[in-house]
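Labels A, B, C, D and E are assigned to the chains in the order they are written; within every chain, residues are numbered from 1.
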Amino acid sequence: MQIDLSFYNWNLISDFVLKGLGFSLMLTVVATVGGVLLGTVLALMRLSGRKWLDVPATIYVNGMRSIPLVMVILWVFLLAPMLIGRPIGAELSAIVTFVAFEAAYFSEIMRAGIQAIPRGQIFAGQALGMTYGQNMRLVVLPQAFRNMLPVLLTQTIILFQDTSLVYAIGAYDMLKGFEVAGKNFGRPIEAYLAAAVCYFIICYALSWAVKRLHRKIAIIR
Amino acid sequence: MIELKNVSKWYGNYQVLTDCSARIGRGEVVVVCGPSGSGKSTLIKTINALEPIQSGEIWVDRVPLHDPHTNLPKLRAHVGMVFQHFELFPHLSVTENLTIAQIKVLGRAPDEAKQRGLKMLDRVGLMAHKDKFPGQLSGGQQQRVAIARALSMDPIVMLFDEPTSALDPEMVGEVLDVMVGLAQEGMTMMCVTHEMGFARKVASRVIFMDVGGKILEDCSKDDFFNHPEARQPRTKEFLNKILQH
Amino acid sequence: MAWDWQVFCEDTIERAPVQGCFGKGGDITYLDWMLSAWGWTMSVSLLALLLALLLGTLIGTLRTLPDRPYIVKLGNAWVELFRNIPLLVQIFLWYHVLPTLIPALQAVPGFVLVVLALGFFTSARIAEQVRSGIETLPRGQRYAAMAMGFTTFQSYRYVLLPAAFRIIIPPLTSETMNIFKNSSVAFAVSVAELTMFAMQAQEETARGIEVYLAVTALYVLSAFAINRIMAFIEKRVRIPGLQASGAGGH
Amino acid sequence: QTGDTLAKIKSSGSATLGVRESSGLGYTLGNGKYVGFHTEMGERVLADIQKQLGLSKMEVKYQPVTSQNRIPLVSNGTVDLECGSTTNNAARQKDVSFAVTTYVEEVRIAVKANSGIQAIKDLNGKNVAVTTGTTSVQHLRKHERAGGIDFKEVMGKDHADSFLLLETGRADAFVMDGSILAANISKAKNPADFKIVGEVISVEPIACMLRKDDPAFKKAVDDSIKRQIADGSLAKLYDKWFMQPVPPTNTKIGLPLSEATKAAWANPNDKPLEDYAKK
Amino acid sequence: MIELKNVSKWYGNYQVLTDCSARIGRGEVVVVCGPSGSGKSTLIKTINALEPIQSGEIWVDRVPLHDPHTNLPKLRAHVGMVFQHFELFPHLSVTENLTIAQIKVLGRAPDEAKQRGLKMLDRVGLMAHKDKFPGQLSGGQQQRVAIARALSMDPIVMLFDEPTSALDPEMVGEVLDVMVGLAQEGMTMMCVTHEMGFARKVASRVIFMDVGGKILEDCSKDDFFNHPEARQPRTKEFLNKILQH
């Protein structure tokens, strides 16, 4: 089978892929920021040592982590309208789902990061008279966040790849762009090859940037 | 200044402090020593309320720590503490380490905080390193910054937990020198250390603890070093071991 | 919306209710079908897991070899290649594109391809974990092993890998749970696993909620089982006197 | 959920049309443009409704749907009218309503031109591609049992995947709606390599889908479709999308209007699939 | 027994060993000291070929380490090495730690290995702990197990890298006692340490290194401690600092 090179042209990108890429990137950014924030809260709940905070957070995190993302996407999409009494669009639904889902993963990362901070650091903050909130905000979280940055960003790259699962509720991401073009032009193989190359370039560039960034902002030890 | 009355503490079923009582008056320098695991670190942490106690009473500067209504952060702000592993904040520069708690906890203006912090830094002889990060300093230098950090909060008492035991032998001296200086200026100090040279030089009293968190000895420096016949057997054995090499 | 759990007892041709819910004499009910789909999910996942563990350990180990820059580069390339392309795209490449380059692959059933694709994809992640597990060991451990006269292979076999694996059990657990979830891509290559069942059955019966609920429950059950098994392993191999997290450092 | 779609459209000044991104009856040209026989018909229905409501301006929002989400989307109110390629069957009628049938799909077999397969009986021992999440699988199963033939189902993730299975030889036949088969063949690199053969395995009424229990809206939709049938514009639309070159590739699908569709137009109705099977 | 000739080593551009030469004869006990970062650990590691050198020559028991054809694992099996952080294998019990290399490297039968290992364990006084795991032992006990582990390989020479500097002060003694015992029995030893008491007691020679990996002094114990006037200024300064407290 030969490859139909005429399939690769600017129209493919401009008409089909760009819109999807935009959505994928938007979803990735929003879900990362939202997920890290919510995940940090969950992590703090799990580390609080108070059962009434710890148990719900643990159930939430482990529950989310044992359901395939595509199922979560469907569930939010199907159930959210029943709960709030009116339909929510696929895009909004996808955003809510991704933030809620990724928070579970980010919370595990942040939890590991917080736990890796030597206890002495927490004592030191306390000994200087800091309250719990000040200690977290000024001492623990900045360090945990920096130490975990590579892992957080690796998760973000996975997240970027996972945005393709919004196909289940008809939202339009980058992979969908390639797929639709492939179908409507009858050139699926060409489309998937292009998708593989695009994803590889974007993800590889991201992980390269992560390494650079980390070297730059890593805590000097 | 500091008073402990029948303090006991358990980790689960394991008792780390047993009925500890002691008084430290203004301007006294008390050295705490004893074998590993005897609860020295725990004792000093309870004085700063970093570890809760299950029974007994502790007053610092006449404030009762065991009272749930005490504003602990406020009290701790004026109790300086120096840890074995320095515990500088690695993500902040030396100057930031010195000022952050002054600004956020004491509510000082940044300029004022900086001025005070740098004065203390100068005092420990590290002015040249004010813009470095902790990771760029040697252990001895880090520990001196940690002392400056505690001092810049205007502490009424300083607690030290084995401040030299994580240091290279060559750097022990520079930290001890700073501590001797503090003691001679009349700072109230409580210091967990095995540096008997330091104890001999500046201690007013020596407390010896044994495993199980019992205070076996609480006597003057002179009694401790010069009257072994009046000491408990366990104390003598310990002193022998650490003075032997 | 009313529940209608009866659908699971209907046969898949006429949608007639079947007594006892399990089909007889060649007929199958949706329940039969779902259980067999679960079986496929399990088979794909477990085989892929096995492959991923073997390959991931090998490649992760190779990436930590001292003084072997080319092998390390090769290992890095493997990891970058397999983790930077979405699994769904990889599976498509295995199924449709590679066979046009290597005709022998044409005859390979989808099941094998999905095990390969999922196994390779996961091996990249496991390799990353194995590498970081080995690298968090104190450097002195490697020296100690060498100083005892162990060859490089023996050092890894008896000292570094056993210690590293204990450290990385938690992330490995996550990855194992991920394999089960990721196995849903197998539906793209005609393996009749749970996700395919869900999509097909909800289409045929129009009882989407019930079908998705049942399938989600099975996924959760599988993940939970894996979680428990790994927790058991973690407990079994726990080193007395050492917390797992403290194994790393002095 | 609002029970009254017409009122909702009137008050919001917009209507949401559910469309397909890649099927025989509706697809996208990218950039938010949706076209195809059924898509365009849906637009005309909405235009009629706009007239009926006396709205000077009405915005038509397009919501792409998939097999998995179209029913929830319609029943939860995201989509007002779905004109894709949805089969009207009894099971779905529990959750949604259907407008009158606009097209009768005939399920056929696509094969390689040189394969020698002519009918269902030739499929014995062969690999047959079908698409996950479609009703053709069920029909095939019934025939398998009735005719005593034995073949292997190979499930494609979507129609393009299933066709690729046929193209690359992993499957010997692709059983699917005639319009989809024809569209895929027309876009293949060598359309002459494939042909559609054999008896009609089943017929399926395709209709626009709307929310259940909204008779006023259903009547408005039905009236519009009946008008399009009566004044011949639907036939012209069919000719435009199936007999003339169509974008994006400008190839002809070449699928003449079937007798079954003609019959449905002659006598507009919303009977489900099951009623067709009884005949 | 050990001979170094003009050994130099770089990490990237940074030179950690500069032109080091030394000889250690059978039965000699050589103590290496010097400030942190002076390359003491590196030097001792190169003698076991754990770190490659870029120039110079090293012989151990007449085997040239710098020769690429040398079977390094075989040689290392008979060079005992004890590290600052013990480096017992945490996932193996004490007995397994003692036997695994005997079995896998020397090819001894498990029974024989166990017998030999336990004999050494007994010698360091830890027979009672043979079934524990390293994490269940105190630092001093772990370090003694590490010595027993090295001894059970029948080493022709023992290398120590700051074996007591990670220990609690009370436990330093128990490890030093074992080492003194070994020295007195005639074991060839090379030992990085700042325990000057140990050096005074058993060293035949003292090597002093300075930053940059230069050997500044290589003289007899007597010259080192009792003739400061003949020493380099840097050596004197260092000795002053570490003997001060």
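Simple rule for what comes next: a contact is a pair of C-beta atoms (placed from the backbone, for glycine too) under 8 Å apart; a residue touches a chain by one contact, two chains touch by 3 or more.
These numbers were taken from a predicted model, which means no experiment stands behind them.
In summary, the chains found to touch both chain A and chain E are B, C. When you average the Cα atoms of each chain and compare centres, the chain farthest from chain A turns out to be E. More C-beta pairs in contact connect the chains of A-B than those of the other pair, out of A-B and C-D.
Rounded to a multiple of 5, the Cα-based rotation taking chain B onto chain E is 180 degrees. Between chain A and chain B, the centres computed from C-alpha atoms are 45 Å apart. In terms of their C-alpha centroids, the spacing between chain A and chain D amounts to 36 Å.
For chain D, residues touching at least two other chains, in rising order: 68, 72, 161, 164, 168.
Contact with two or more other chains is made by no residue of chain E.
Residues of chain C in contact with at least two other chains: 96, 100, 208.
Every pair of chains meeting the touch criterion is listed here: A-B, A-C, A-D, B-E, C-D, C-E. The residues of chain D lying in touch with chain C in their complex are 67-68, 71-72, 89, 91-92, 94-95, 132-135, 137-138, 141-142, 145, 153-157, 161, 164-165, 168-170. Note for the complex: chain C touches chain D at residues 12-13, 15, 96, 99-100, 106, 110, 187-188, 190, 192, 196, 199-200, 202-206, 208. Only residues 1, 80-81, 83-90, 92-93, 96-97, 100, 174, 177, 181-182, 184, 195, 208-209, 212, 215-216, 219-220, 223-224, 227, 245 of chain C touch chain A when the two sit together in their complex. Within the complex, the chain E residues that touch chain B are 35-36, 138, 165, 168-173, 176, 194-195, 197-198, 238, 241-242, 244-245. On chain A, the positions that touch chain B within their shared complex are 118, 120-121, 123-131, 134, 138-139, 142-143, 146, 219-221.
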